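Two complexes follow with chain A in common, the first pairing it with chain B and the second with chain C.
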Partner chain A sequence: MIDNGLLVQMLLGALLGLSVYLPLAAGQLSLATPAFYAVGGTLAALLSTRWSALGATASGGFPVPSLLLELVLGGLLAGLLALLVGRLVLRLQGIYLAIATIALVEIVRVAILNLPFTGGAVGIFAIPQPFATAAGYLLPALALLALAGWLCQRLEGMPLGRAMAAIRDDELAARCMGIDTTRVKLTAFVLSAVLAGSTGALAAHFLNTWNARQGSFDASITTLAFVILGGSRTWLGPVVGGLLLTALPELLRPVGDVRLVLFGLVILLGPVLAPQGLITPGLLERLGRWGERRGGSPAEEVKP
Partner chain B sequence: MIEALLQLLLNGAASGGVYALVALGYTLVFSVLGVINFAQGALFSVGGYLTFLLMGGKIGVNGALPGWGLPSGLPFWLALLLAAAGSGLIGLLVEQVAFAPLRRRNAEPLLALITSLGAGVVLVNLLQLLMGAEGYAFPQSTDALAGLPDVLVIGGARIRTIQLLLLLISAAAVLVLSLWLERSKGGRALRAVAEDATTAQLLGIPSAAMVRLAFFLSGALAGLGGGLIGVSVSLPGPYFGISYGLKGLAVLVLGGLGSVPGAIAGGLLMGLAEALVPSAASGWRDALAFAILFAVLLLRPSGLLGRRTVEKV
Partner chain C sequence: MQGRLRGALRLATLLAAGIGALAWLGRNTDPAAKPLPAGPLTLGAAIAFTGNANLYGQDQRMGLAVAERWAQQAEAPSRPVQLQLEDGASDEPSAIAAFNLLIRKGVIALIGPTLSQQAFAADPIAQRQGVPVVAPSNTAQGIPEIGHFISRVSAQSSVIAPLSLDEALRRDPSIKRVAVFYAQDDAYSTAEVAIFQKALAARGLTPVTVQRTQLADNDFQTPITSALPLKPQLVVLSVQAVAGGNLIRQLRELGYRGQIVVGNGLNTPNIYPICQRWCDGILIAQAYSPELNTPINRRFLQLFQQAHGDRPPPQITAQAFAAYQVLFEAIQRLERKGGLTGVTLGQARANLMTELLNGTYDTPLGPIGFSPEGEVLQDRFYVAEVRMAPGGRDGRFALVRERTLTEIQGQESKP
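Coming up: the complex of A and B.
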């Protein structure tokens, strides 16, 4: 039921979940992740199909180092956009920020749909493949997720991470303590964009076709649902949420057309039944203690 | 030249009127609960399909009950009114399922964004199950509009009657609602709950009933918009309301969250701005609303007519 292709999609979902989580960890409800994902993916699709120096072969192959270069470039471009936009929108609070970021997603979507070089509604197709099968994408996706997870784990102990947590708890108090809140929020926003941009670059190759539908308002809410249902207090929450919610519509395929109704019900009832999400700091602590009692290392027990 | 401009302005005002309806729906709920009901776009779709069915439309081949429909269609006015009421009732249901449980638990308001969107996803996909993904066109006959001619000639400009009706009906709905909110006892009670629910409760206003009323009215406004757009253009599929829901959101912020005159002015402004986009650049039209929204948020975060709020410490 879960094949390699779905596994790759799940990992990509987990990465997008982390991208939404990062600004949220600094108390900023940004729904801009699909915009940055779309920017990264479009860049990768354009570079690999138009720029022969990257080494796309006539049979549709693509060198792995060029893929890595695209991941970096996709992340950089998305990060640059976030730097420009973030300076403006991060002055907004709460629901205003959420709506401004939805606006960004829509503007990017319409731009990709209408720009003369992005292929219109059909998009860019026959994107060259660095790997012959879906299984090949598992490794880069897993590596990217491991890198992002490691970064989020490291953040918790770093001044930046503590400043983010302080802003999340009380922005005014954080500012009074001398935290440069603008800078911290912007850093979290840019990190989130870089992650989404790189994820988009990988996804463009994996999906083979890339068009404006990849980054839409629906995706804004689905990726937010990853975080809310998985749990927004630890970085493991969005990872678990992204993995599960990406798999769900596919796993529900046997029930036919009702599956999207059921998917909606999960999003509707999840926050009511588990307001903290599936993975909470309390749960991790209990798992950790349970692990210690059994003599195992606590870190191993909490891995998803 | 003048005729073309008149036509342009009327088209803009007509779609602006619908945007204002949707934005007012958001405004009602936002002013009472301080949250955004993301199911609004889905309720817009529901209104469109209900109007279609009530006017005697038949379910297509991909629906759950192919060929099924009412034995005879209702007149346009009655269908529109009943569809709006039906969407209002479904809006009430959304409140019961997506908002009430969170309120009882004093949960984070952020969660309501997710639950209401979940409710929207459920509604849209139920529509898709029932009606299929295909588009539907309303019967374009004279009796569909209660005997009015299809096209009116005003000052040399040829205007589709439905566009004019669209403008008049949304203007009437907006006017009645604003007057009701401003003048009537019920409207005052609703505004009192919006100001401070606890105090209103202490003064003997049934807060919970007022919240339900806000959701009913908000759903009815969205349904009305959906029905009007359906009759005037067509129903391109169950998702068609979502984009109107998003535009309404842009209008909401443009006018200022929670401001009734702001929602109306914002809607008209947005409709007119879109109508002025030259047809060569029509693909970019959908981005215009959000570009304006973006600019307004940055220049004046409280919206055009919104109140500036001072954060209490």
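Coming up: the complex of A and C.
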């Protein structure tokens, strides 16, 4: 069974999946999501434990408005970093961009490890709690996911989203049509960073502790797997991928020691059986026309 | 396009409904308000079977299995206890998930998690829900301070680490030049090296060099070749087991002949196959010695060797045994006092925590108790020297000195 704590972890996974999806929607394979996640998380951990003006109480409580402020600040700081770094690394393409973003993840990890105020390898602990139980985190996580999902859905009809799709299909052709490809790619990169930064700020409170291990190369691969399993052509793909792949190791607990073997099998078989991912535009198309073909009422139960 | 938009909206609605349903179904996760059921009580253990801490997790699993057999063979317990093991993996989210799962299943107390960093993530959850936690291997500073319900049987490195330095200095009082190696991206190493450095300073020694390595390093040529020209007379290592084995071997191969003092990370027989005959003579301070001659340790050794052949149990196995033992004994005392009858699970957990902290326990580690905060009070520590068998394949931690805390503190306050 899925308790509220695991559900929050699933939602955080879906948010990180979306953060990898955004640059990918503009054809850019960026693995930098964990770096921005780590920046947001570290900022929230530092602010809530060191800056008493935010209102952390001695008993470990924390006001919700301060949490929201941290979400905004975490997103802003990550976005600013993305703006600076993006100008440089987005000149690269394909595998070279992927390697440059892995380097960014590593730089951020080593920086957090060695900065004098981030607690070294132990990290920052006793992060105050805005909610008494894990259920409290559901609301901000869901709200953030809904906001990000709404934005991604809107993008499909907006000039920016169309420009991103054009670059994904053919960057040279897009540039010939007069699209400022550098700016579009940079915008997608910054949006992805803002989302990852805010997610990190929320995760720092949820995890009670924050250290350099949170934003590692391993996390890059995990978040990429969310997108590959879920599908990279629609925003719902990474959401479904993030939800499923975060829940799966926990749901497999009853099988005992081989659970991670099964988990690996799922990651392996997913792309083999569904090369486009679980959620494809074609699937959404069929789902949208499902009621019409039958001529039944749209209120019927919807299942793919 | 229209169809695709409608499809996306339908799927999003479906997902939202699914998440809502899961949130509703999973809302009340703690059975603390229910009355404590009769019959055996369940202890939950969340330790690392996967991830990079699994070397320690496997040792802990052996300790818990031996403890279960010990409890079954003890004369009829007033209240039987059963153990439920879950994989806490080596990362924070998994430890949180394992703790949540066990708490939801109604365990009376928890053992774990393996790493201190995981403890900082998972222990606050147990603390908020009022579930006693006994940590078998968390040595970082600040663990019992997480709250009333958090305790540990693993002594902090600040107490243990300096003992092996004293032994090295006793053997060679002329030591002046010390080289220090540690893994700078590892929580345990950075904490322990700080203690080693403090202890060195207290003995009037300044390291001639401090070399930083990484957790995943196995090749140490560079740090060693930059340290050796400074002619160290003593090398102090604070790294994890595999890296440590390789570091020792390479130190010897590159010509270092002096004494080597190592930290708690090398406190496992798993290093023997790595550094082989080069392990010979390294000094280590321990919280457990297989050579301790008390009835409970002889019993522990006997049960361990029945299951795992003729070899001595590692410290971390003995500590996992002790974690189970203190909870088992506290439950039996509480049952006899009637503290487990007619109460809810939540009250039983609170009563157990009070009982646990008030008791003293004769464990394989020696006699231990707890401070009101939950910090272990252990008086007896050991300094061991690795002696390798002639083939260089196998060896043992030979006890060279036994120290009591009272004696150490008396000595430290002297100068």
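One rule holds for everything that comes next: the second predicted complex is superposed on the first by the 290 of 304 C-alpha atoms of A that agree within 3 Å, B and C clash if a C-alpha of one lies under 4 Å from a C-alpha of the other, contacts with A are read in each partner's own complex, and residues count from 1 in each chain.
In this text, contacts are C-beta pairs under 8 Å (C-beta built on N, C-alpha and C of every residue); 3 or more make two chains touch, one makes a residue touch a chain.
Since we're looking at a predicted model, the values are computed, not measured.
**Student:** Where does A:193 make contact in the superposed view: on chain B (first), on chain C (second), on both, or on neither?
**Tutor:** neither
**Student:** Of the two partner chains, chain B (first) and chain C (second), which one does A:272 touch, if any: first, second, both, or neither?
**Tutor:** In the superposition, A:272 touches chain B alone.
**Student:** Have a look at where A:164 lands relative to chain B and chain C in the superposition and call it first, second, both or neither.
**Tutor:** In the superposed model, A:164 contacts neither chain B nor chain C.
**Student:** Of chain B and chain C, which one touches more of chain A's residues?
**Tutor:** Touching more residues of chain A than the other partner does is C.
**Student:** Is A:155 touching the first partner chain B, the second partner chain C, both, or neither of them?
**Tutor:** Neither partner.
**Student:** Examine A:113 and indicate which partner it touches, taking first as chain B and second as chain C; both and neither are also allowed.
**Tutor:** After superposing on A, A:113 lies in contact with both chain B and chain C.
**Student:** Classify the contacts of A:209 with the two partner chains as first (chain B alone), second (chain C alone), both, or neither.
**Tutor:** A:209: touches chain C, not chain B.
**Student:** Where does A:100 make contact in the superposed view: on chain B (first), on chain C (second), on both, or on neither?
**Tutor:** A:100: touches chain B, not chain C.
**Student:** Would you check which partner chain A:92 touches, where first means chain B only, second means chain C only, and both and neither mean what they say?
**Tutor:** first
**Student:** Touch test for A:260: chain B only (first), chain C only (second), both, or neither?
**Tutor:** Touch status of A:260: both partners.
**Student:** On chain A, what residues does chain B touch that chain C touches as well?
**Tutor:** In chain A, residues 110, 113-114, 257, 260 are touched by chain B and also by chain C.
**Student:** What part of chain A is in contact with chain C in the complex they form?
**Tutor:** Where chain A meets chain C, its residues are 1-7, 9, 11, 60, 110, 113-114, 120-123, 125-126, 129, 132-135, 138, 142, 146, 149, 153, 156, 207-209, 211-214, 234-236, 239-240, 243, 249-250, 253, 257, 259-260, 279, 281, 283-290, 302-304.
**Student:** Show which residues of chain C lie in contact with chain A when the two form their complex.
**Tutor:** 2-16, 19, 22-23, 25-27, 29, 49-50, 86-87, 91-94, 96-97, 100-101, 104, 116-117, 120-122, 124-125, 128, 140, 142, 146, 184-187, 189-191
**Student:** Please name which positions on chain B make contact with chain A in the complex.
**Tutor:** For this pair, the touching residues of chain B are 36, 38, 97-98, 101-102, 105, 107-108, 110-111, 113-115, 117-126, 128-129, 242, 246, 249-250, 252-253, 257, 283-284, 286-287, 290-291, 293-294, 297-298, 301, 311, 313.
**Student:** If you look only at chain A, which of its residues touch chain B in the complex?
**Tutor:** 29, 88-89, 91-92, 95-96, 98-100, 102-104, 106-107, 110-111, 113-114, 172, 217-218, 221, 224-225, 228-229, 257-258, 260-261, 263-272, 275
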